[in-house]
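To start, the structure under review is shown below, and the notes come after it.
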Amino acid sequence: MSSESTFGDYGGQYVPEALMPAIEELTDAYERYVLDNEDGFMDEFRERLADFGGRPTPLQYAEQLSERYDTDVYLKREDLVHGGAHKLNNALGQVLLAKYMGKERIIAETGAGQHGTATAMACAHLGMPCEIYMGETDIARQRPNVFRMRINGAEVNPVTTGRGTLKEAISETMRDWATTVETTHYVIGSVVGPAPFPAMVRDFQAVISEEAREQAREKIGSLPDSVLACAGGGSNTMGTFANFVEDENVGLYAVEAGGSSLSVDEEKGVAPNSASLSTGDEGVLHGARTKLLQDSHGQIMESHSVSAGLDYAGVGPELAHLVDEERVQAVNVDDDAALDAFHRLSQEEGIIPALESSHALGFLHEHHDELGDSVVVNVSGRGDKDLETVIEETSKRDLESAPDLSVFREVGGGL
Amino acid sequence: MSSESTFGDYGGQYVPEALMPAIEELTDAYERYVLDNEDGFMDEFRERLADFGGRPTPLQYAEQLSERYDTDVYLKREDLVHGGAHKLNNALGQVLLAKYMGKERIIAETGAGQHGTATAMACAHLGMPCEIYMGETDIARQRPNVFRMRINGAEVNPVTTGRGTLKEAISETMRDWATTVETTHYVIGSVVGPAPFPAMVRDFQAVISEEAREQAREKIGSLPDSVLACAGGGSNTMGTFANFVEDENVGLYAVEAGGSSLSVDEEKGVAPNSASLSTGDEGVLHGARTKLLQDSHGQIMESHSVSAGLDYAGVGPELAHLVDEERVQAVNVDDDAALDAFHRLSQEEGIIPALESSHALGFLHEHHDELGDSVVVNVSGRGDKDLETVIEETSKRDLESAPDLSVFREVGGGL
Amino acid sequence: MSLEAVFADEPAFVPYLAAGDPDYDSSIEYVEALARGGADVIELGLPFSEPIAEGPTIQEAVVRSLEAGMTPERFFEFVEDLDVDVPLVCMTYYNLIYQYGTEEGPRPFVERAAEVGIQGFVVPDLPAEEAGPLREACDEFGLDLVFIVAPTTEGERLERMMEHVSGYVYVQARLGVTGARDDVSDHTEQSLARLAQWDVPKAVGFGIKTGDHAERIVSAGADGIIVGSALVDIIAEGHENGDDVADVAERLETKARELKDGALRGAQNRPQPEGK
Amino acid sequence: MSLEAVFADEPAFVPYLAAGDPDYDSSIEYVEALARGGADVIELGLPFSEPIAEGPTIQEAVVRSLEAGMTPERFFEFVEDLDVDVPLVCMTYYNLIYQYGTEEGPRPFVERAAEVGIQGFVVPDLPAEEAGPLREACDEFGLDLVFIVAPTTEGERLERMMEHVSGYVYVQARLGVTGARDDVSDHTEQSLARLAQWDVPKAVGFGIKTGDHAERIVSAGADGIIVGSALVDIIAEGHENGDDVADVAERLETKARELKDGALRGAQNRPQPEGK
């Protein structure tokens, strides 16, 4: 672990001056508590991750997929973390850090609602007041997560600007932070934002690969040939890769959302995908220099993915750097393939994956014969939050693996 | 573990003759595979529980509750089991056993949908065709679980007889079984039904107390003074108690659903509660002699609880026996107190419990000063499935711990 | 006449109705119509709220009867009120037997049943293993306890069971729950063959619907036929259409005659019984 | 006139508008109206899709301008088309500066800005730490880079920052985002006191709405006032009501005069400046 503020050309701290002192304070806290385990911070963090969060999560051998693909497939089960996704690893770390720093209030943005619920849970657990910013569009498509945040005692502030999704929610949270920075910590939900966030969030998420690497050694007897993770902002990705980066023989694949197409509509400022690593270019967004979906003038594009949690125009700077360095392969999978993979895992392995994670599984499906003899796929979250979306999107398509979903109309009324 | 077919006066095998040979076959398989670990059955079961199911689950020290009640409160986190409840422990065990027995098809009943989803998941995991019977009323109030079963590839058969809840679903599943018994295994969802189900389901669930007892020793340094679990059919209850039964100094509390009142309406055949241990009397239902909610003629009453998973007129025979023996205290908590406890745990500890489990937490709230210095409460499942019910039921009441839920109306439309 | 004796001379027709379906008075008419139509024994159902062995037809009869106010006590009055000249068997679930009276266990129920003239019991959720207490009470009051032999009942299990049989055996023609079917199961012949060595009347039930069915089953060797759902269907239909009770009763009587006649035909073209 | 020189004689009035709000032509009128109303420097916003430092008022202006087709190139044309006689400062976010032209980095943007006569930049998401490349390009083309000093900028951090200042310092009157407020923050006086030791013009912004505000802030020691949202509000209202562009322009001119007059009054009852 180190406190890099840049990764090659990426990273940095492109934020309003008003936030800089807080960011310096945070950098200092990060170095002391996280990197140097001052006051036993990391010990407490790890203990809470275990007892409250349910870690370690299993590395499960997937029998049916292994047989189907003639490759040993192992699933890292982050869907079993409390709250249903890897997001708690980071949220718990940051809220605990804010407590050590003497902050009195937590704010966070959320897209799919997973980071928001994770933050709300961590705040309830640690007794911190919490407000979550969430775009109106996302609120409408992720209702159960809105309920969960409120039930955990968090305020949910609807964001009505722009298209009402993650990008706008982040901007709005930064505005709150610029006003309340003295007492408030902003829990960013991925490896994005100004330094030290990208490195810090990676370090909190690195527990995934710390466990997985050890578990792989035990189960496979060696390191895996390939490791796959979906990439939105890239926190589950960096968490899953971190401890494998030095293992040069392990192939690392960051699977982005290909959406409905990789091409863009400059006129409307819309990219029908969220593949910033694969198709974006360098720019500055939300505090960091990284790869972005932007038009030729530098205006940020509306991204799109069937999976709300991947629906973001940027990506973590360290991940962008690792892709430039060719240590990580940036690949992508479209909406259809992700939905298909969702159904496949649900039916064949009895695990309902998040639509985000389904992208990684979709890549496995399409490229299993190029990934070597053993593959670790990070199942970053569970798909309970996605049921309504999946039913709706499946009914619009002719998918290979989808079950007949007509029962949903027969019983208990329509959608 | 032993293969008792009766517990004191309770238990037995009150089923149609056509099922008896299958029940004998099952008894034999239970004794060989479960009790004697033939062919390494139990080893495989335990391994799958770990890798697929996410066991062991933590025994978490609950800081805020402990402070509030001035008692060390530990939560056994069955909400973290794959699928969101203890139900998988049993479903996985039975589906695996059916596979060892050479059965080709699985059927199960479900009430709250938790046992149905657990069974559907276990069947997908083990490649077994699966049909779930579920009452129409329950289908309407537990829609997300219906979706999950279908997405896992199970058939969901609506049951339209009677009030369309668990009782009718069990009867209907027995009817299916009576027709298909030669090829089909019926995965009963709790410690109810004819022998060997009560003992077998208990043995599959006993992993809860096996872990908890060991974890308590480590964390408390001794055994807890009291152990609390909610009781519907009683599977999480027996699982949580099993390894403590011999520890005479450990108080065991089975918390039933007090519903809206403990009194009954003989005329209508309705009990506005599900407190069969506290208020029921001996009778025969669904294959076993046990305590039941019945009218003076022996007709089974409609039970009621705000929590669908506790809404059952019977209870496991072994639990009834342990209550008669005064080894287990039968207590109960009403709908209001359960809802309050739901909100309390969500806000104070960041864990959204199932409404079922909330009953155990409600008892803790009301009787914390009678439970000694250390209490283990089984959080049998997570409450994600209950969100709609909780919002609706909370809006009808004036609860101490409920958050302001008006945001649900402001954003994203009405319920 | 003892239950066993009924089967001695000719194949017996054993109809089933849920007592009190759709209401007390009509039900009395219906039972009497069956007697007129040629019933040799009548199985009278005392409805239980959780009829796990019944298919939809009888489930609905149970609901109708319960909603019309049937209780165990009313059931006994019902039997007393009946003006029929054939043996009556009470078919019910064990919990109702168990709960009756102040004392625990089946004795009070059996005592009262004997008092009103019931001659035997069929209890679908009471396998031989659990039947001890009821068996004892039956013996005390001289009632028969009829067991069901399922297609899955074989070998040792069958042998153990046959030791307990009294009255007749209820041979379940196929797996599943009650309900009229268009086919007559292969299981029937196999089951009858399995039972051939025991000298006790064998009445076949589950799914018999027409005189032809009855004929085939008797010619396959059955000593009697048990018919429930096909009769209950007639009541359900009449009830739904609001038909006159007398009309429905007549239809039942006609149906009964069809079934009894079928059984008689079956007896004629039956291969000569060996031992009897 | 250099930016610094503007502040030399009397307190400066520095209005902000988003260029192209609500459309190109109207916006030209509005900017010119502000010049007529007494603006000493004009901050022209080049709209960015993610304006993280702006409150709702300016966010909406940004949306209007972008929807009307504003781009960096159009922005430069806009500046060329303007007929005003005061220094212009471009306020925008770093990504637009960074992306302009074919070459990477800020140089092409600065070069083009210099060409059209822009005299400086304010970049709200570019703290001193990241300003190196832009600073260099500004130096090359002789433009000023204005930094924002926030209420939280103190001690060493403040000292480091003041080394980079050119033109004037933008003193952020309170924490938060842009937007007109009814109060004038206490932070202003403290901030001005903290900055007293540096001999550079101090323009105070964030929340100034009326001539009275302007007066109080200048009398507290500010060398200038920066006003954005209060002016953008007038445009938004006019746009919504479908008012004549000329009418709106006149309202802007009047408001500008009110603010400038307030500032001038403030200068009169200001305690005598010590060092200057």
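We just call them A, B, C and D in the order they show up, numbering each chain from 1.
We take it that a residue touches a chain if its C-beta (ideal position, glycine included) is under 8 Å from a C-beta of that chain, and two chains touch if they have at least 3 such contacts.
This is a predicted model, so every value here is computed, not measured.
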Number of hops, chain B to chain D, where each hop joins two touching chains: 2
Farthest chain (mean CA position) relative to chain B: D
Where chain B and chain C are represented by their mean Cα positions, the distance between them in whole Å: 38
Whole-Å gap between the CA centroids of chain A and chain C: 65
Gap in Å, rounded to a whole number, between the CA centres of chain B and chain A: 34
Touch-based graph of the chains, sorted into line, ring, star, complete or other: line
All chain pairs that touch each other: A-B, A-D, B-C
Sites on chain C touched by chain B in the complex: 48-56, 59, 63, 66, 71-73, 93-96, 98-100, 104, 124-130, 147-154, 157, 161, 172, 175-177
Contact footprint of chain D on chain A as seen in their complex: 12-22, 24, 161-162, 167, 171, 174-175, 178-182, 269, 282-287, 292, 294, 296-300
Parts of chain B lying in touch with chain A, wherever the complex brings them together: 50-52, 54, 57-61, 64, 77, 79-80, 82, 84, 120-127, 136, 139-140, 143-144, 146-148, 150-153, 155-156, 158, 343, 346-352, 383-384, 387, 390-391, 403, 405, 407-408, 410-413
